[in-house]
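Common to both upcoming complexes is chain A, partnered first by chain B, then by chain C.
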Partner chain A sequence: MSVQLINVSHIYAQGTPFEFAALKDIHFSIDKDEFIGIIGHTGSGKSTLIQHLNGLLSPTEGSVVVDGVKMGDSKGDKLALRRKVGLVFQYAEHQLFEETVFKDIAFGPKNLGLSEEEIENRVRDAMEVVGLDFETYKERSPFELSGGQMRRVAIAGVLSMKPEILILDEPTAGLDPYGKEDILRSVYQLHERQKTTVVLVSHNMDEVARLANRVIVMSSGEILMDAPPAEIFTQVEKLNEIGLGAPDIICLMRALKKAGMDVDDQIFRAEQAKEEILRALKRGEGAPCSKI
Partner chain B sequence: MQKAIEIKNLQYKYSRDEEEIIAIYNMSLDIYEGEFVGIIGHNGSGKSTLAKLINGIIMPTAGDIFVYGMNTKDEEKIWEIRQKAGIVFQNPDNQIVATIVEEDVAFGPENLGVEPGEIRRRVDDSLEIVRMSEFKDRKPHQLSGGQKQRIAIAGILAMEPRCIIFDEATAMLDPSGREEVLECIKQLNKENHTTVVYITHYMEEIVDADRIIVLNQGDILMQGSPKEIFARVEELQEVFLDVPNITHLAYELKKEGLAIPDGILTVDELVENLCQFN
Partner chain C sequence: MLKDITIGQYYPVQSKIHDLDPRTKIVYTFVYIIILFFANNYVGYALGAGFLALLIAMSNIPLKFVFRSVKAILIIILITVILNVFVTPGNVLFRIGSLKVTDAGLINAAFMALRLTMLIVGTSIMTLTTSPISLTDGMEYCMKVIPGIRSYAHELSMMMTIALRFIPTLMEEADKIMKAQKARGADFETGSIFKKARNIVPILVPLFIGSFKRADELAMAMEARCYRGGNNRTRLYELSYSKNDRIAYIVTVVMVAMMIASRFLPLMRIPIQ
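What follows is the complex of A and B.
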């Protein structure tokens, strides 16, 4: 499945004194098998952008093309798109409402009119993906779970619709390091095993650096950069300029190089940095580092 | 040194589905005037419960908490306790009550019955400290997350507290918003000598703290300087915590046999240590 945004602009409160252009002439497409990271500071247009991908918002100008067909404004078109493109909002656990975990996750499939058996299968599968044991949690009230577990129930609710594209808006915000890892691992496995296309919106550069195979940087309603992570995260000055900051690791590698160590200063993943530093030290004979 | 907060054999339990849950388990802790204390722990370790207990939002089921000598169980002192030890929560949108920035900041002192001239002074001073003076006539919903959170802090400052508890106050902010709020808090601690209790998931944010307290299952697992705490990588990982990225890389390099000291916290420190081998 592919979704294309063609010259999309979105203006909030058009024609009023509060008129605000949240997206300006956006042009991009998502293709099968991609893992896209979207970064940008608050107000850069990330949330507005992703809401166009599943028909929650319609462009003020331009068009959304799904699998080669231009989206109309009809309710039917939008519903069909929402079934294929699942959107997990920020703090998705605030949207839990059912008495039990099972009922909450089953809500979507039930509305699709699926059989009881199919509904149960879907809930089971979705819970497995997010790492919640079906028997242990199905009858629990979602409101008695920890923050991280609630977040996972909310994600499972979207997964139970079997979306072809999964969009997550800051899925790890407010979770502890372990809860973060859990969710990221689930999402990554979903991408690897079930070939679900993933769009991950995040403030966390390290998260995106680690997982995405394509990174989109948003600033003031425009796409500033759209490239593989290696091309994005090596542009430290540009990232600093728009207030995002580069991953720690690349800052370290640059500082080492500046201090005279013979290392590749384009590395931004910790594992590679370790190997590179050990290699550089083994090579050894380099000039002594200058004072920092 | 004067104790800002004194926690004695504190316990907090509640029941859920007839099952008893102990959120805080016999904890004793002193926080001193002027300290910057970082508190970390995984979700469910008791961090937020502790914040609510210190602020008298919930009461201990055993033991006592004294805030500047006042017991939180003393109903007559509760407003004075909340004025002395303010709390800033995670979500700025839940903490702003008025439709104009300066009115929001004035809300606290107004309720304390402070006289108008004094309120004016406090509002102006508080906005100055968080560097939001030029926004005083704005509507809060037009501000960024970081700006809103600084307004929430100004609202607490206008009560003239001596201690502020930040319960994951930067969790919902983007990197620049987080930095802006954290800078403001550090400055409060350094220049105004406000005691800061800083609860967070971001290990990077507390590398400059005077002391770090690690909570696990409602109890203090360890406490010490950032260097001491972040040197204990494996123990932290056991309780589902992590260390800052740079600290972790230094730890991995050390495991490979490089003679690097424990608890490296910054890029500069690591560069300096690695350069001696080159």
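What follows is the complex of A and C.
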């Protein structure tokens, strides 16, 4: 499925002294099989943008087009869109409310009106994707889990709706490195195996550089750049200008080149960087550098 | 949406009224509420409305916002009006079924509605022109001069400040949780009252858990910075009166005098019926 935003603007509290334009004339589309990374500063409009993609916010101006059909204001349209586009909010563990992990993850499928059997299957699948053992965790209270586990339960709660497009808003914020890695791996596998389109919102450059095959850079409500990562992350100066640092790897490669090492300074992924450095040093293979 | 609700409804513009000391505004509003009940004739009501109009004009706040607060009590005003129209004895003008509409009833109802509107608008001018924080500051100072509650003044105002401070946070949080549950297919709008009440559980539970956690953390953070209530506590910004505040107090006294005069001096009385 595809979602298009056509000349979308969004203004909060219109007509009051607190009026604030969060999105200005946004134009872009999401197509099948993409892994899109959206980066930008706090307040650049990222969160407002993604809420338009599943009908939680309606544009003040412009329109949202889903599979070639313009979204109306009717509730049926919005519900249908929300079934296809799953949205995981920042600090998603704050939305947990049920007594058991199973019930919480089953909340979405239950709202879809699925059969008991189908619900159980979906909960099982979703828990597997996020790496929680079904039998161990299904009867536990979500409130006695660790932060990382709670986050995974919350993500599973969205995955159980089987969305065609999965949007994650800062899914790794506030987690320890292992927790981050676990979640990113789950998301990447979902994209690879089930061909789910993924939109990852983050201000961690390294996460986006590693995973996305298309990157959108936002700044004060506008799309500044929209291109494959190779084109974006090599423009280090431009990223610095809007206060977004470039990924660590590309900074490292530049530093190495500056120090006189014969390496390609356009590389931004760890694995390629490792090979390039080993090549420059004329050494053999090293150990794999990341779990993904 | 929830985001559009402004609690404390402070309207930030520049004006002489905005710049007044919060204590002045609290005292004025308090006095205004009481003195409004002295009005019992045309002159009294005209004075009340006149002082209010002056205040609104000086506050630079669009009329639309001033009268928005009236909407909230429209039903109360309506009930008052209906009761007054039908139960006041007097010359019968016309009948609707067994209900009599009298001339005195109509006049009474009109003045009741006017008085309620002036009460609400008068108080909302204070909240529109004073930020919630300076309002609680002003209240703390005012409470310090009242014997019985003097020793709790600081704690009470600290509680109010914290409550006010966290209302927007709580709203935002509720909005976010609501959206998160909507994204999971929850439906908050359709169904019977019972169904709607049940549907609120997925919002309330996370909201309560979040609030308790936040309260706990805040208390800890305050204690970590040696907060121990109002004893010997000094302030960074002391409230101080300016020339305009003195003028405002004089206006208050004049208003009180005129309103009382309108009630008791036969010269000024133009009685209602």
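Details
To be clear about the criterion, the second predicted complex is superposed on the first by the 282 of 292 C-alpha atoms of A that agree within 3 Å, B and C clash if a C-alpha of one lies under 4 Å from a C-alpha of the other, contacts with A are read in each partner's own complex, and residues count from 1 in each chain.
Just so it is clear, a residue touches a chain if its C-beta (ideal position, glycine included) is under 8 Å from a C-beta of that chain, and two chains touch if they have at least 3 such contacts.
Being a predicted model, the structure only gives us computed values, none of them experimental.
Contacts of A:F143 after superposition on the shared chain: chain C is touched, whereas chain B is not.
Shared-chain residue A:L278: touches chain B; no touch with chain C. Set side by side, chain B and chain C differ in how many residues of chain A they touch, and the one touching more is B.
Once the two complexes are laid over each other on the shared chain, residue contacts for A:G76 go to neither chain B nor chain C.
By the touch criterion defined above, A:D206 reaches chain B but does not reach chain C.
When the shared chain is aligned, chain C comes close enough to touch A:P17, but chain B does not. Shared-chain residue A:G68: touches no atom of chain B or chain C. The contact surfaces that chain B and chain C form on chain A in the two complexes do not overlap at any residue.
The touching residues of chain A, when paired with chain B in their complex, are 41-43, 144, 146-148, 173-179, 203, 205-206, 243-245, 247-249, 251-252, 255-256, 259-261, 270, 273-274, 277-278, 280-281, 284, 286-289, 292. For chain A in complex with chain C, the touching residues are 12-13, 16-18, 51, 54, 56, 75, 79, 82-83, 86-87, 89, 92, 94-97, 107-108, 111-112, 143, 157-158, 161. Residues of chain C that touch chain A in their complex: 3-4, 6, 11-13, 173, 176-177, 179-187, 189-190, 201-202, 205-206, 209-210. Those residues of chain B that touch chain A in the complex are listed here as 16-17, 41-44, 90, 144-146, 168, 171-177, 201, 203-204, 240-242, 244-246, 248-249, 252-253, 256, 258, 267-268, 270-272, 274-278.
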